[in-house]
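Read through the structure below, which is laid out as structure tokens, and then see the notes.
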Amino acid sequence: GGSNETGGKDNKNPIKIGVVTSRSGAVEAYGTQEINGLKLGIKYATGGTEEINGRKIQVLVEDDAGKADEGIKKARKLLEEEKVDILQGSASSAVAQAIAPLAEEYKKVFMVDPAAADEITGKNFNKYVFRSARSLSQDAATGAKYAVENLGKTFFHIAPDYVFGKSSAAAWKESIEKSGGKVIQEEFAPVNTQDFTPYLQKAIQSKAEVLIITWAGAGGATLLKQVNELKIAEKMKITSVIPDIAGIKSFGDAGVGMQGPAPYYHALPQNDVNKWLVENHQKEFNSPPDLFTSSGFVAGVALVQAIKKAGSTDTDKLIAALEGLTVKGPKGDYTFRKEDHQALQPMYIVKLEKKQGVDHLVPVLVKELSGQDTAPPVTVKK
Amino acid sequence: MGEKLFTNKILIAVVLSLLVLLPFVSDSRFLLTMMIQVFILAVYGMSYDLLLGYTGIVSFGHALFFGTGAYSVGILLSKTKEPGLLPLAILIAVAMSVLVGVIIGGLSLRVKDVYFSMITLAFAELFFIISEKWSSLTGGNDGIPSIPVPAIFRERIVFYYMALLFLIAMYLFLRRLVNSPLGRTLQAIRENEHRVESLGYNVLQFKLLSIVASGVVATLAGAMWAIFQRYVNTSVLGLDRTVDALLMTIIGGTGTLIGAVFGSGVITFAHEWLSSLSTVHPIFERWLLFFGILYIVIVMFFPKGIVGTIRDRWIRR
Amino acid sequence: MSLTINLLLNGIALGMLIFLIAAGLSLIFGLMGVLNFAHGAIFIWGSYIGWTVYGLTGSFILAVIAGTLAGIGIGWLMERFFVRPFYGNHVAQILLTLGLMIVMTELIKVVWGPIILGFEKPELLQGVVTILSDPFPVYRIFTIGVGILVLLGVHFMLTRTKYGIIIRAGVQDPEMVQALGINVRKVFSMVFAFGAGLSAFGGVISGPSFGSIFPELGMQNQLAAFIVVVIGGIGNFVGAAVGSLLIGVMQTFMAYYLPDAALAVNVALMAIVLMLKPEGIFGIRR
Amino acid sequence: MKTLLKAENLQTYIGQYHILQGVEIEVKEGRVTVILGRNGAGKTTTLRTIMGLTPPREGRVIFQGEEIQGIAPYEVANKGIGYVPEDQGIFSDLTVEENMKLAMRKNEKATQDRLEFVLTLFPDLKIAWKRKGGNLSGGQKQMLSIARAFVNDNKLLLIDEPSKGLAPIVVEKVMESIRELKKHTTIVLVEQNFIMASGVGDDVFILDDGHTVYRGEMDEFKQDDALKKKYLGIGV
Amino acid sequence: MSNPLLETRGLTIQFGGHVAVNEVNFQLKPHTFKSIIGPNGAGKTTFFNLLSGQLKPTAGSVFFKGKDITKLAVYERTRLGIGRSFQITNVFPNLTVLENVRIAVQAKGGVSFRLFSHYRKFHQFEETAVRLLEKVHLAAKATQLAKNLSHGDKRKLEIAILLALEPELLLLDEPTAGMSLEEVPSIIEVIRTLKDSGDHTILLIEHKIDMVLGLSDSLAVLFNGRLLADGTPQEIMNNELVQSAYLGGLYEDAVKS
């Protein structure tokens, strides 16, 4: 492919961004946040015109249902039928990893968000892949340092028993040890575990000072509620990555007082971009932006800026423009570092608190860390 | 009767030549992709029909075989980075599936009816779990990306014809099989297992044979799938895969073989079409809803599947 | 010792929770022989209706009643329009109920959105009691109690009334049951609706136990329900309860002592039971 | 004599097959009406059509002056028509006890008495009381099937080949009991065993190819060797 | 005297507390026709099930041609030459009448594992099947599905399937129950011809006493699971217990003749 097919003067080809993400399946809510963010980001960066040099930006969305093979099919469709200039996605890490090789094959930039697996900008990296979302390592780096310094030195980690849980655990372990702490035990429970008591019993018996809870999606609330019920908090400190609003809501009161890293919550950043985002999101979708809205937004902004900078949608030029690019996003400065194309970005440590008039626990800022502070190690093989 | 057979043949010839000509009349590479998927899944569906429609076995573990094929190709090629080893990978796949078929079949065939279905489901789940846990080998849910397949298979048009050929070959093989004395025995087993036994047939042996034959075909389909996608993850072993086989067979019509081709076509295209409608109207963001309704409608109004129903009409006329 | 007892108690509680999920299926699949792959959907609809009514009224009892009634209604419609033509035809049932599963799950997303909802325990049932120095949630004691009540109630209905016999006979030869002067259709409708109500009831009761509900939760628990019914012996209600307890206790102990195998407990247990006793623990060889 | 049941011009289809093509039956109250005919003549289908199991496309079934074609089988049964199907229709997973329990429409004294009566008629059933229906011997199944029909207060009994599989002495007992029952119940009997048919029958209908080809009184028919030869192929 | 073709020693089966077949010592000479009579529930069918392998005895053994076959599976016994028909009709409901018989002929043909040849290649099977259907008056219904047959016709099909196996030993369980009066004689004729052809041995369970008397070389009587008597028809008919407990008054004429 290529962008050598130029249309007439007045009637230029649109710039096509093909999004492969979950519009159904277990993580479809994340997909929605991502797409809303992306569209708003484009709007913001183009000053509302959704055009660059007279070329309309078109966002084409395909549903991968959270399945890798479905994602491959849809990505091929976007690449071959729609001849998209840029790929974007996806809510599931497995899908993103399955699509990344296609980006290489078709020589198109693939802007990853919200998939967080480290391998995407690590072991399985190729030069067409960029990521506006934070990676698991960034979560871990944020949370680990703070936890070692403020919560305790010995850790017990409970995570779901599949690749996501394992690589989260590995990332936390590395960061904790770097900060001088120690992970005494890691326990992996099946994704749809209903009774976590045996695992929590072990946590108590391990005598660790801090319990790390890693759980993406639904089981998290169940786990947290059982933690609460068994009064684990009386025996050890608890930390966990703070999820999206629906996730926090599902905690009920069980999450009160929990501290942990938060990739984004709309009330945390105080800057103009975020203000714009919150206002416009509220206007358009009648709700505040959520966990992955911000990284989707950044993806949009970064792409627009890169295209402007490159002066075209030519892939090589785009890559050159994106590498090292710093954009202003809702959390502040996001920099796509050259080595692995991961966007370094500010991260937050928060504490969940009850607040009048809000129907969920509110993450209250404890500490903000800069992109550099939370930079994960580069694991790309040269 | 003879006339019907003749029209039947004409129909098949027309459809076949359309399929052969398709790459020349359509420049849509995506359409070819879809058709390739239809062909490969159709083979997988037909293999299931051998069990369900001809032997009367309801297996909930058919994905086991599909996954065996896909993983054999995926693991061997990606670990060795040696595309030339594809024939070996397929050979290994077939050998593995025979082994798996004999072992699983041997362990579970003494169990009857729904119990058999459930035990096959248990085995498939166990395999699924192993593939999730043994991620150093399988990549778990993240899978094995960019499987290095021989360059020729990356040519979409070439692969299209290969897949078509594969479908035709497997269809002919299975048709032969169901019309052989062996196939006839299987059908009798479907009807009345105990009576077949008292005719002097060793039912267990025949059922095992059916499982292995169907397993080998499903394995080949799985191998083709891995070559086609150049990607494998645990979903090839998931329950959804088995359900796919079931859906294709039933929608097309059990005990018809060719029905699976229709089933595969309906599922693939309905899926694609409905999921792309979300831009038309927001209600289609819930496209699965309509997909579910489609299933229901097909089962309610074509209880014998597409081909089965057409056949019935035909006979009545 | 205290650990073992604690694990055992938790295992029993989990088992009873699984039983509540499986009880409705045990009637519909076990007794009526309908492979109901929409069971999980009825179950989760119960949860959602219960959640809504609980939120609106603040009364958990009303939530349970509303959820159960909704289940009965869904079951009745389902039987009347979808299941009735396909008694005895397992293959069609699978496909049809799978379709219903998808449709009903998606409808939940249309109504409530595709997100997770927190389901709080009623005040009265919050908190823990201490058993041998370990805390044990009150709600689990509640589920154990409810499970036992359901078991006894349904067991009574099946053994002391004619319904159990009519269903078993009707599954084999509905024509002959009719010829004996029994409106077998009506009985089937009623029992199906009752089973669906039971599923939805399980959905409401287990909602707070999970702590949160989401549309796919039904699908997730469905397999466990099927496994329990099969392990216990299809058609045996008491067997389903025993199977549930077995699975609950096994899961709990495995999670503690051999967590790597926790994922495989259910299916492995089923495979072993079936290979040793092909008709399930309480099943009868045909 | 009063007519209890009348079937007029029964036209029954199964699928696309036209099975009954105008069957006519008339059953007089208090008598035993025997239906004869070769295999595949439509005897069973006639009984099933009366029961509502294979409703007729055309024609009428009049029971006690009321048209009952087209109503559900359980309603037919509840009008007081008992049915003993040719394949016994035993529920194999149910015990003999449960089979009987299922059949007993009412649980009153009279029903209990009748239960006593059938258990003395077929003592085998008492022995096998807790056995599964599927484990019974062929003859025992037949007994159970008959017992199920006898235990209710029926106005009309449709019995399809009761003698099949029964030992001679039991056949004799069944014949006796039918003669006994005749006092308060009317009976339609399909029977291949001519000894039995002629032993208890009062009226006779012969079906062939879905048509009624003969009707008359059993006493006449029994004597008429030509008729017997013509319709039943029985040698003289 | 020739060795018995079939012999049982102490053959016993117990269901729960109920002994259905009780220490039966039984012999069947080759090329003879023996019938088994006895009250309902006496254990006749169960005895057949033990011979053909559907049931395994709790005690005792079965010998066929001097060989102990007690442990053999159903299909192995069939291959040795023991064929049976069933009291409760047992056919292939969704196959055609012809295919029902053809599949049995094929079993005898030993080609069942051939998967690459078309079944119609073996047309001799089909011809045989058609011939057999003619014998039992079912040729006209060859293309119907077996489930659509009337009861009596199914019984005929049952017999055709058995004949197709050409077993050395035929176990017939009330073959004519439900068959119409006019057809019974010709079916009996078929069985009689088999016997007369000399290479078959026949064991028949039947309640139609007149039929039994006409066909059998000898009669065995089962009572409550025990072998009560075994002898010529005349001997058996004169047995008082048989008369009072089995035959009743109805068949007095038949016995006297």
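Letters are used for the chains, namely A, B, C, D and E, taken in the order the chains are written, and counting of residues starts over at 1 for each.
Rule of thumb we're sticking to: contacts are C-beta pairs under 8 Å (C-beta built on N, C-alpha and C of every residue); 3 or more make two chains touch, one makes a residue touch a chain.
Just so we're clear, the structure is a prediction, and the values are computed from it rather than from any experiment.
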item: Chain E reached from chain C - shortest hop count over touching chains; value: 2
item: Given chain A and chain E, the chains that contact each of them; value: B
item: Distance-maximising chain from chain E - centres being C-alpha averages; value: A
item: A-B or B-C, whichever has more C-beta pairs in contact; value: B-C
item: Euclidean distance of C-alpha centroids - chain B vs chain E, Å; value: 44
item: Chain D-chain E separation of Cα centroids, rounded to whole Å; value: 28
item: Centroid distance [mean C-alpha coordinates] between chain D and chain B, Å; value: 51
item: Chain A and chain C: spacing of chain centres that average the CA atoms, whole Å; value: 36
item: Residues of chain A engaged with two or more neighbouring chains; value: 161
item: Residue list for chain D, restricted to those that touch at least two other chains; value: none
item: Contacts with two or more other chains, residues of chain C listed in rising order; value: 260, 263, 286
item: Which pairs of chains touch, using the document's own definition; value: A-B, A-C, B-C, B-E, C-D, D-E
item: Residues of chain B defined as touching chain E within the complex; value: 176-177, 179-185, 187-188, 191-192, 194-203, 206, 209, 213
item: Touching residues (chain side chain D, partner chain E) in the complex; value: 14, 17, 37-41, 44, 86-87, 124, 127-128, 131, 135-140, 142-143, 161, 164-173, 192, 194-195, 232-235
item: List of chain A residues in touch with chain B within their complex; value: 23-24, 61-63, 65, 67-69, 72-73, 76-77, 80-81, 93-94, 97-98, 100-101, 104, 117, 119, 124, 161-164, 166
item: In the complex, chain E residues that touch chain B; value: 52, 54, 73-75, 78-79, 83-84, 86, 90-95, 99, 102-104, 106-109, 111-120, 122, 161, 165
item: Touching residues on chain B, where the partner in the complex is chain C; value: 52, 58, 107-108, 110-112, 114-115, 118-119, 121-123, 125-126, 129, 132-133, 239, 243, 246-247, 250-251, 254, 286, 288-289, 291-296, 299-300, 303
